[in-house]
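We just call them A, B, C and D in the order they show up, numbering each chain from 1.
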């Protein structure tokens, strides 16, 4: 996780838990949280006009190179998940998201996590400096600043 | 299902049941049988050199236009599934597979099903006559014939 | 499909297409339609107070014994699906749903399908007559009747 | 990751990549690696008689509280994954696995990762000391030691 003063964009959505997403313990199978992270990430992208199809048209893919999840509370079938996603500003040529997943029924924090994406060309070459279109997009956003 | 004398190619595989594939009743979620059908279909294709990447190179996609499953016995986590797949000969420009899924632990028939694929060009135009490469492939196979 | 005059209950929802739900052709993998059917079935159950957890408490499970899908149009990532679900009245001890899936971006019908559920006890015994609680629930509904 | 001299148990399996597991880029969707990790973890458990159903009978669940994946190379449809799983010894009341995923077609390392499980009672109480049955199981294993 990124320490110190954080600048971020925020999105919050609710997602229903599918029956096919719970396991034999009647709780969401741990791997399905990456689907909720993706739901949050895409909702954030939609809210702030960071469109993945558009990124592809500009010549870049943004594959996920790291993801992690910390689970603290199980979510049962019949509940919903609230996904709070933050796109956290970084000087690196990376897209970093942090996530909090809440169990809507109990209000409890169920999981926290992070994903890191990089920029690659369509020829799969890693880009080490922030692409111009992304720098421009970043400059146009109203970032939220954490009081430390 | 196709009636009368059947000509078919046969493949049999075993597939482990994943923990993430069972539901809150501790049995395989019904929709996951389509993954086992796909495992069987691809194993059959590999055995008889009907390669989907190769079909794409020849200019065709073979999307599934119909699938159906009949469930008769639940499969629990800890078991395996045996998938018996038959590619059933048809004069139509279609690829028809029939499947039987057995619960390996009990030996019981768990499900039967069918998928139907058609040929479309890369421009998504439906092909109504059997493509030449597929007619040739069919002519080379040693079809099994059901005694009725 | 059920012929003749149909009595049914109706539900309509929209569901986002997840990136993880499309395949290498950039269209929804055919097996994922069973998840959309389930989304529709559960939304219908919620709208008409037919609660699956409640059914379990009354001593019954309602496993799916048949499902089928007919595909007519592919849905791409970036679109949404509209799920129209009908619980169709039947004198049998079955719960029959019919589904239509529309591609929201194009408005086109993407798929139709059906699922059939039966009643079993917690000891997995099949129930051949409609359980009392379900007969009562059915009697309380305002069924829509198709003009043939 | 655990530093210093490591003691571990090792398992190696190969798993086919399903068509339904690749995304619109024709590479395995990042979240599906957690399924391959689970395949490896269960194969290791089977090889060393650490049976999850048996653990449940002894009164414990072992939920995953942390998982992480680092991706370095994409795996395409048509390839297989080789999963190398290590259960790494730890004095804590935790089960720690480390994973390496190789793309069988190219031989390249595709991803590395880790999962951490804890012991909870069926009443969901966290166990802070190693359960006796697990201590006994650990004492019976022939651990591999890394030369640093």
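Keep this in mind: contacts are C-beta pairs under 8 Å (C-beta built on N, C-alpha and C of every residue); 3 or more make two chains touch, one makes a residue touch a chain.
Please read these numbers as outputs of a predicted model, since none were measured by experiment.
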So which chain is farthest from chain D, going by the mean of the CA atoms in each chain?
C
The larger set of C-beta contacts, choosing between C-D and B-C, lies at B-C
Cα-centroid distance, chain A relative to chain C, in whole angstrom
31
Based only on mean CA positions, could you tell me how far chain C sits from chain D in angstrom?
37
Computed distance of Cα centres, chain C from chain B, in Å:
24
Sequence positions of chain C contacting 2 or more other chains
19-20, 25, 31-32, 35, 38, 77
Please give the residue numbers of chain A that touch chain B in the complex, ascending.
19-20, 22-26, 29, 31-32, 77
Chain C-facing residues of chain B, complex
25, 30-32, 34-35, 38, 61, 63-72, 74, 124
Which stretch or stretches of chain A touch chain C in the complex?
16, 18-20, 35, 38-39, 42, 52-53, 77-78
